[in-house]
Each structure stands twice: as structure tokens, then as C-alpha cells.
Amino acid sequence: MIVVLKQNAQQESVKELLEWIEEQNIKINVIRGDQKTVLALVGDTARVDTDQIYSRGCVESISRIQEPYKEANRKFHPDDTIIKVGTEQIGGGTLKVVAGPCSVESEEQVTEIAKLVKASGATFLRGGAFKPRTSPYAFQGLHATGLTYLKKAREVTGLPIVSEIMSIDHLDLFSDVDVIQVGARNMQNFELLKELGHCDKPILLKRGLANTIEEFLMSAEYVMAGGNRNVILCERGVRTFETMTRNTLDLSAVPLLKHLTHLPVMVDPSHATGIPYLVEPLSLAAVACGADAIMIEVHNDPKHALCDGAQALTPDQFDHTMKAIRRQAAFQNLVL
Amino acid sequence: MIVVLKQNAQQESVKELLEWIEEQNIKINVIRGDQKTVLALVGDTARVDTDQIYSRGCVESISRIQEPYKEANRKFHPDDTIIKVGTEQIGGGTLKVVAGPCSVESEEQVTEIAKLVKASGATFLRGGAFKPRTSPYAFQGLHATGLTYLKKAREVTGLPIVSEIMSIDHLDLFSDVDVIQVGARNMQNFELLKELGHCDKPILLKRGLANTIEEFLMSAEYVMAGGNRNVILCERGVRTFETMTRNTLDLSAVPLLKHLTHLPVMVDPSHATGIPYLVEPLSLAAVACGADAIMIEVHNDPKHALCDGAQALTPDQFDHTMKAIRRQAAFQNLVL
Amino acid sequence: MIVVLKQNAQQESVKELLEWIEEQNIKINVIRGDQKTVLALVGDTARVDTDQIYSRGCVESISRIQEPYKEANRKFHPDDTIIKVGTEQIGGGTLKVVAGPCSVESEEQVTEIAKLVKASGATFLRGGAFKPRTSPYAFQGLHATGLTYLKKAREVTGLPIVSEIMSIDHLDLFSDVDVIQVGARNMQNFELLKELGHCDKPILLKRGLANTIEEFLMSAEYVMAGGNRNVILCERGVRTFETMTRNTLDLSAVPLLKHLTHLPVMVDPSHATGIPYLVEPLSLAAVACGADAIMIEVHNDPKHALCDGAQALTPDQFDHTMKAIRRQAAFQNLVL
Amino acid sequence: MIVVLKQNAQQESVKELLEWIEEQNIKINVIRGDQKTVLALVGDTARVDTDQIYSRGCVESISRIQEPYKEANRKFHPDDTIIKVGTEQIGGGTLKVVAGPCSVESEEQVTEIAKLVKASGATFLRGGAFKPRTSPYAFQGLHATGLTYLKKAREVTGLPIVSEIMSIDHLDLFSDVDVIQVGARNMQNFELLKELGHCDKPILLKRGLANTIEEFLMSAEYVMAGGNRNVILCERGVRTFETMTRNTLDLSAVPLLKHLTHLPVMVDPSHATGIPYLVEPLSLAAVACGADAIMIEVHNDPKHALCDGAQALTPDQFDHTMKAIRRQAAFQNLVL
């Protein structure tokens, strides 16, 4: 950790800072430049709260050399994490496809889509029962009933189910859901993350709309610090000035995350772009650069879709895309 | 609302769309261009869920002409909302200053700061008991104890208190807090917003780090749709590519919000910039362009601050800033 | 084109606007809503200058339905443009790799790298003679001498050369360069673009750091409007809040551009990310989602690199990456 | 300057790096941490080209402690720069207002506007003769003729004139223009900046749409390194995800720049927001936080404006805004 002192820093304030740092069992190297003095701190600085240093009147800036995440850090856990979901797994040289409607609308709808996506080769069924909607007047999901329909679709098809949680209060309802999704808007809902750290379910954590890779890993760290090491990271686009796509899919996040962490990485091109014809090429790109899983939105009856239908593929389009994904996976020797 | 149809849209799909729209009591004008056909919808389109239109296979894009927010919309509520907090008020030709530490650390600390900021002219005391921290290993606040200390400081000084809530589960703890703050990371925690819509406390809603003005107003709408019309909007910086300041303070949001909504607008230059010497000039700028309130972070003992001390003013700096704010307020005939 | 009128628009101002629009041979449909009036314009609106409409006191907002670019638009030119460079070509079912040093430093350096990248399978040689550097004190390139060295390397290896132009004044120096590159910082240097529209060389146009896809295509349109239809578009990352990578590579731009325009699309993962280990996976991703060409920075002697060496691959790394690219290209039946 | 070495850095590569650094007369402090080794460099590191360090295989990251700009740096030039323009000045406790049309359209138009804005209290006349337009089909300005009209308006009113240059080739045409503007899209047109460094005219440098404050100062440094120290910096909004305003005006840039540099700072709320009713409140905010000058777009005949009229004030609106600016300036004891 590098601490730059202010040019006009008071001697006493600096002395107190040095004492405080040494109390944390951190070794200090003082480097005096022409204009500024720099402290180079050596030791287990990942646990040091930079705010406690920043708050000293004498400090100008701080930069970390060590990453602030430990459980999620590949340096300390070199082997890929493989997440078991029933007889399925995510990570470890496999490629999985999570497909389904944005929102569960009826038992028939979700069962029908589940059968179709399974026939095309999807390995997980997704479906929202609690929907984060920008407008309070928009359809917010079928809640408990939606989860019941999703479970019925699992019964019929055998596909494990993935659904988004929006509040600690709903945790009981998710006890029989296979993978619990934390949406982009809740990536830094730290109270929710802490609670999920105490359960044993796989957590699918989506990257926030304007969150850095480091913040993304720190949110995974929240879950892992609670004891739950089953975290799947999902890149789903970030906000930029571009208006043609809904968000800007950051595929560089895939190889970057695979380098920094041992956790599996999923990509969601449907929500990232909001444009159906971009889903197939970007799914292939995601696989080509190392993604462990792809999430694709599929609906069977677009004219009755109650939310976010714009980016969903029809079952036929999904089937076409799955065939292309299978070929790419086979070419890369990935088990799908 | 303008709906652009795809060039190769199927007749039947278009027909079904037209029928569905008419069922919503919306009048349709069909304009056929050389390349594309456009539907111009007339009626109460604010309640129309655009996703239900988007999901049709035949739709290329949609743009709203009417704003999707009603309760927060100045068009339907031309008069400024004035929010009463005990004997204090926010909005309506007054200027209020909310000051205090990032985090409540001890009864002595918060009481001492409360006395100092009151002496300088602050009208509200802020202090965090639940802290949203990027790292699970960082200090997370004193929780219930922190709120108790804050109330003691209110007892001593008479200043109404403002504190951030992070979970629905903590709502009971906030029953005696004067103003409940929703932080930037929870601006789209819709379950929390809905719950706050059912209480009668003033809600201080901070703009999310990457949220548009319209999304900001839609989050206010969530609270208001539940029946709680006491919402204060707070601009606190958005994420950009700039790295010198923590965030980029968007002061254009102030006159823009004053134009679009009747709700009072606060500005927080401390968190927006993270740099103490920017707090005074940006506070003055905020007042000059119409802000109803300013939030400033103050600590008395930076060397023991447990969080976010970097941007806090010392009591002396705060006193200097308050004098400048008072002069600007007097110049603008604002009651402070 | 959709024009929304202000609620309080003056009759006379609206009347004048309607007359002006009709003079442009555009048909107007007037739709009166409860709150606002909307004009839907039908005809060849691509040539209409929206600013001339905006400037009327009565106009609130304008949105285009038709794209404002014509020459670059796939709708009017459905077939892929293939760009001939000597015996080489870019576009049309081929995959090309442009490789070389950021900056030409000596005849030996560039010739040595040229031989190495050719041996690995590169099809074009890149090298900067004029370097856009943020600091006036940094190395700015060898200028004319650099171009001479580059031509020598072409003589030895037969590889066509690509180099960046920074000023109209240098155009003569580029008369014997095979492909003229316009860098990201000059994407909206319209005077330069106009001038390049009058030459017959292929222009490699890099996307600006914060430019939308539409602006990117409009800059291509500047060159094409002058008569030069040989434009190659290059995605090289955009600015976001992320700090771990230099920029955020927007791979969704590849299939989006292939849909909107007939021009060939290149991807530069070296400059986009600034991190060597991301170059190979993102090159594969770019190919998988439809890129026609990849640009990769390679140096042979990093310790003497005078600029931007951070993201360059060593010849060994490049050879490894080329092998992977070849396999992916063969899998997709692309001629490399 | 802090250089972090890679964990697996080769001994020899590190040795060569250390030797190279010492050749630059920089002292090196080596700090060995548990995981990584850090070099703290002491000396005149502002001239060190970080790319030459980065390019070494052994380097992971570099961060500067000293600013890379010298001429523009307030540390080395503590006193405010005052820029003389005829009998006028910018900077040094004054407040100046630059007003006029986006584009010069006729002698009558610009003379008429010049008279009106002068009557309201403007101190400089602006008007574009060369217009950077996104579309090649849009009006590009009257070029030399436009400058002639502008000079006529100066003759009539005595107001010094400001106009934008877009190419080195037009430099002769600007020999009699009082202040030469470099637009946002040319902020990093380094060849143009170098050329302007050799003339003796005041340069009004606008911040690029996605450029950091440091890059902005480095572009000023380009001009100043050539010998021309008369640079005025203009904040005019940066690109964000917000779509309601054209750009996001970054007013924190004003006190930040005043702290970092001795150069005068202007603010352009017209182009930043694109919304007339935001111009007055943001002008006042800009003055309140320390701006030396304001630029406001004014047209007299909006229905014939040939470009960018949307954000322009009418002469009446401008007069209202000038009165408010005058009051704020008087309150701050600024000479207007």
C-alpha cells in the first residue's frame, strides 16, 4: 500500500499516523521526494481500512498494491471453483446455458418454454418471480406463485431453476430454488449479500450497471466471507454514453475475471444489449474468450410477454443460437 | 408515445398490437413513411408498460412523449412541496444545511460534532449507523447503538436527525429518526422503496451512481405511489471516466429537477467529490442554482474517524463554509 | 422524423415551422395529444438538418426514425464492401491480422518485427511515425523518417503497411502508405476526414474514445461523401468508469456495425485493454462475433520501446495468439 | 513516481530497468513486500516517459506522485494568469461574458446580435465561421466570409471576437481574430495545439467530451510548451449516461482547475446542457464557484438559425440572465 502525504502535512499528525500503522503490524518505508513524502507499507494490508488512513489530515492519496479481496482471489485459491447444482455443475471445463423467460407468467408459459429450451440443449431454466422494474406501475412479477410455477416446470423437465431474489424477507421462498440470482441493482445491497453468505445455495451475482471489476469481486467477497463459497459472477453490460444498445457488454471482464478469481463466469448478452440479433454473435464471443456459462432470455409468446420481451429470442431463434453455441463449445472441447 | 414498427413487420402481429393498444383506451395514429411505419399513441400513456409493446415481434423502438412519473411530476402538482420535520422545514424558499460525521462512532463524538455544527448554523444532524461499505472487512457502523447515540445528540442540541437505512428489517429501529436516508446504492432497491412508501417519515433519496434523472424520479415515484409524499431528492455525484474527484457532481440536476418536479432538492458535495477544498465552492454553486439544502460531512477528530474521513471538513473549515453559505443565502433572500 | 412541439408553443412559430418543412419536400402528419402535439415527418429526412428545426422556439425535441448516414448504410448498399490493398483484401469472408510496433523506432526494429509477424501469419504491418501523445514532453515519433523505415520493412517482407496520419499537412508523406489510419482522437477531426475523402487510399478509421456508433458511422460518411468509399471501421475501446483496463472494448459494436453498414470491421484489443494477457482471448472473441480483421501490437525489444509498450505482445506471445486465431478462423471457414 | 514490479519479474529485466532509471538522474528506493516489489522514484519525474518504463516486461503498474504538467501547474506559477485582449482582460478578479450566435450567418445577423449582447453587458462576441458538424450534409459555416462578418460586427460594437479554428491550414485567416477557440473535438488534435503554441494569440481551449482534467491540462501544456502562455480553459460538459441534458456540466472542474493551475477558467452552460432554461441557473453556479468567464449562446432570429439553435437564448432571455449574473458578480466583488 502506497500512502502519499500532503506537502504541508503537520509533523504531529504524521507521527500519529505512523504509530497507528505500526500498531496494525504493518512495516513502513518512508521515501522523501523533492515535493512529497511517500509511505510504502509492507505486510497484510488487505485488511487495512484505507478510510482510517485517509481521514488523517496529513494524507493526500492512497493506492493499494495488494488486492482487497481474499476469498475470491485466485492468488490464494489457484484452482477453478466448480459449483455443483444437483447433477449439474458450473465451471471446470464445461459450458452451461441458462435460458427462460424474463418473467414467469403462468404455469403453461414457463413449462412450455422449459420444454422447448431443454429440447434445444439448455441446462438451466431461468424465470423471474420478483421483477425489479423502474416504474412502480409496471408488472412486478407473480411472486410466490411464480416460484411455484417455476418448480412445476422443473418437475416436468428436470432442469434446475434460477430466479432472482430482491429482499431478505423473501429468503424462505427461495429455499427450494436451485440457484439464487442477485440482480445488477442489488449488487451492492450489502445486507442481502451478507444474508446469502449464510445459506448454502449457489449465488448468481450480476455485475452492477456502473460497478468496477474490483467492486464486483468485493461483492462476491461479501457472500464468501459469510461462508458461502458458491458464487457465480455474471457480466451483463455496463452503462456508457452509447444509446443504440441498452448497455455496453464488457467482454474483457471475462478473461480479466478468469485471471483474478477462481469463480466461474457467466455472460448475459440478452440484458446487456436488448437486441435479439446481437445475442448469438455475442454468445459465441463470450464462449470464445472463456465464459463458463451463457444466460439467454427466451419467450414463446412474445405478444403476451409482461416484461422485457424486447430482447428475448423466440424458441426458433434460441434453437439456432444453441446449435451455434454447441459447435463453438465442441471446437473448444467444452462439455455442454 | 411513439412506436416505430420494423420494416418487415408481419401484418398479423401489427394487427394484434393495434388491438391491444386500443384495449388500453389509447388512440392510435398510423403514419406510413417511405421506409417505416410509425404509430403515434394519444391518451394516458404514462401507465402503459412499454415492455408489453416492445415484446411484440413487430416493434423496433418506442419513445415516450409524456413523462412516466405522475406523483412527482410538477405538471400535475405545480406548487413546491414543503417537507415539515418537527419545527423545521425543507423546501419553500428556505435553505437548510445537514451536517455531521459520516459514521456515528461514540456518544461523545456525535454529540460534540452536533454542538459544533449547530453553533456554526447547521439545521440538521446527519450520522451513519448502518454503513454501506464496499469491503466486508471494513467498519460497518454501530447499528442500533449508533442510532441511540444520534438521538442523544439530538436531545442535547435539538437538531433533527438524518440517518441511512439499509434494509427493510431495520425499519423499526428508525421509528424515532426524523429523516430516513436511502443511499445511492439502494436507489433502486425497490422493495425498500415500497416499504418506505407506507411510512409517514420524510425520505431523503440519494441519486444512484449511474442513474438518470428520470430513473431518480421514478424511484421517488415508488415511495410516493405508496402514499408517502415526503421525498427529498439528493444529487451526490455520478460515475464518469474522471478519476481526480470521487464522482462527478451533476449540478445541472438541480435546476432540471426543480423544473420537472415539485420535490425539494439537496446537494451533497462531500461525497460527490471526496475532496475537502471543493466543498465550499460547490456548496455555493448549489445554492446559486437553486438547491433547497446542502449536506456536508464534518468530523471533529479525523485521526479516529472510522470511515470516509477523507472528504470531511474539520469544524473550523465547516464554520468557514457556513459563513459563506449564509452570505450567499442572504443575497438570494433564502431563510437559513 | 418525429418532432415534439412545446406545450405553450406560439401558433405563428408553429405555422412558420410547418411551412419551412413543407418547403423541404417533407410530408407532415400532425398528431394532437392531450398534453403535446407531435409532428411525424415523412420523406427523405436524412438530409434534413435537425438543428434548423430545433432552433425554432416551438420545438421541444426531435427524434430520427431514418438513419442520418446514406453511403455507409447497409440498407442502400446491401453487399459487403471488400477493400483491395495490393494483392490483399479486407472484408468478404476473410480474416486479416495487422501487427507491428506502436511506434517505428529504427529500420532494424521495424524490419525485424515485420519479419517475425509475417512468419507468424500477419497480413499487414502497422507502425506509428506520427504519435498522438498526451504529453508534449513524450516521444512523438520519427515522422518522415519513420515512414521511410516502414517502407523498407515492406520492401523486405512484402507486407502492406498501415500508419496513422495526424494532420492534413502530412498528406503528401502518406502517398506511398497502403492504408492510412485516423486515430481515435481524430475521429471527429472533420477537416482531415474531408481531405481523406478526396484521396483513393483505404482509410482505417478508429472509433473515438467516447463516440457513439452513429457518430462513428457519420465520420465514415464524411470520408465517403467525398468520394472515397474505402473505409475500414476499427473498434478500440471506449471510456467508462472502469480503471482496470485502459478502455472498455465494446465487442457488441462488431455485430451491430455488420448489421448497420457494409463496411469491414476491425478490432484492436491491444489498445482497448492495455493488458497483454487479454489480447488473445479478446481476439478470438472478436473473430467469433464477426470481425473482419484484428490489429495487434507487437514489439521485439520491450526494453527499448519508446511508447506504449505496456500492451504489446512479444513475438513469442504473438505467435501463440496467431495460432489460436488461425484455428478459430479455420473453424469459421474464414480465409486467413 | 511509484513503479510496481510483477511478482515473477526476471532479475535481469529488473536490473536493466534500474540502470535505465538511474541514467535519468532519478533516485530509486526499492521496497520489497510480501508479494510484490515496489520502486519509489525520487527526482524530476515529470519529464520521465512512463511508457518507456511500462514497456519493460517486469513492470505491472505505475502511478505518478508529481503532476506531469509544468507550465500550467500552479505549484510552479502561483499567481493567477491574466490574459489581455486589447483593452479587455480575462482572469484576475474580473468576470467576463462571451456571447453570440453558434454560427455566423450574415453580416446583419451577427452585427445585430453583437449590438444586443453588448447592450446587455457582454464583453466578448463569439461566432462560428468553421463549424464542426457530426454530419457532412449539415451546414458547415461561412468560413472566411463568416470571419469577415464577425470583424465587421467588432468594428461596429468594439467587442473583441472569439471564433473556433478547425485546421492548421486556416491559421492565416485567424490572424485578426482576438481569441482563437479550440473546440472539444480538437482538444487532443496535438498538431493543431503545437502550431497554436507558436502564435501569440489567446487560445480558448475547450475540454474534450470525455477527457480528464489531467488530459485537459496536458493539452494546455502543449500550447504553453510552444511558448504561448495565453490559454483560457473552458469546461463545456462531459459525456455520461444521462440523456436529458446534451452533456453533463462538470462544475467541480472549476474549483479543481483553479487549485491546480493559474490559468483562467470559463464555463459554457449553453453547449453543456442544450437546454435554454438551464443556462441562467448554471451561469450563476459557475460564478459562485469561481469561474472567470461565462460563454452563452444567443441568437436573434431562431427561425433562421442554421445550427445548434436549440440551446441559444433569445436576446430577452440573455438580458435577463446578464442582470442576474451582474448581481451575483457584484455580490462577489467581481469586476464585470
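We call the chains A, B, C and D, going by the order they appear; numbering starts again at 1 in every chain.
Here, a residue touches a chain if its C-beta (ideal position, glycine included) is under 8 Å from a C-beta of that chain, and two chains touch if they have at least 3 such contacts.
Given the structure is predicted, the values throughout are model-derived calculations rather than measurements.
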More contacts between chains, C-D or A-D: C-D
Chain at maximum distance from subunit D, centres defined as averaged CA atoms: A
Chain centre separation in whole Å, for subunit C relative to subunit A (CA means): 31
Separation of mean Cα positions, subunit D and subunit A [Å, integer]: 39
Where subunit C and subunit D are represented by their mean Cα positions, the distance between them in whole Å: 26
Sites on subunit A at which at least two other chains make contact: 210, 239-241, 243
Subunit A - residues contacting subunit C, complex: 210, 212-214, 238-245, 248-252, 254-256, 259, 269, 272-273, 275, 277-278, 281-282, 284-290, 328, 331
Of all residues in subunit D, those that touch subunit A in their complex: 2, 4, 29, 31-36, 38, 40, 42-44, 63, 65-66, 75, 210, 239-241, 243
List of subunit B residues in touch with subunit A within their complex: 13, 16-17, 20, 46-47, 49, 51-52, 54-57, 59, 68, 130, 132-140, 166-169, 185-186, 188-192, 194, 209-210, 215, 218, 221-222, 225-226, 239, 299, 302-310, 312, 314
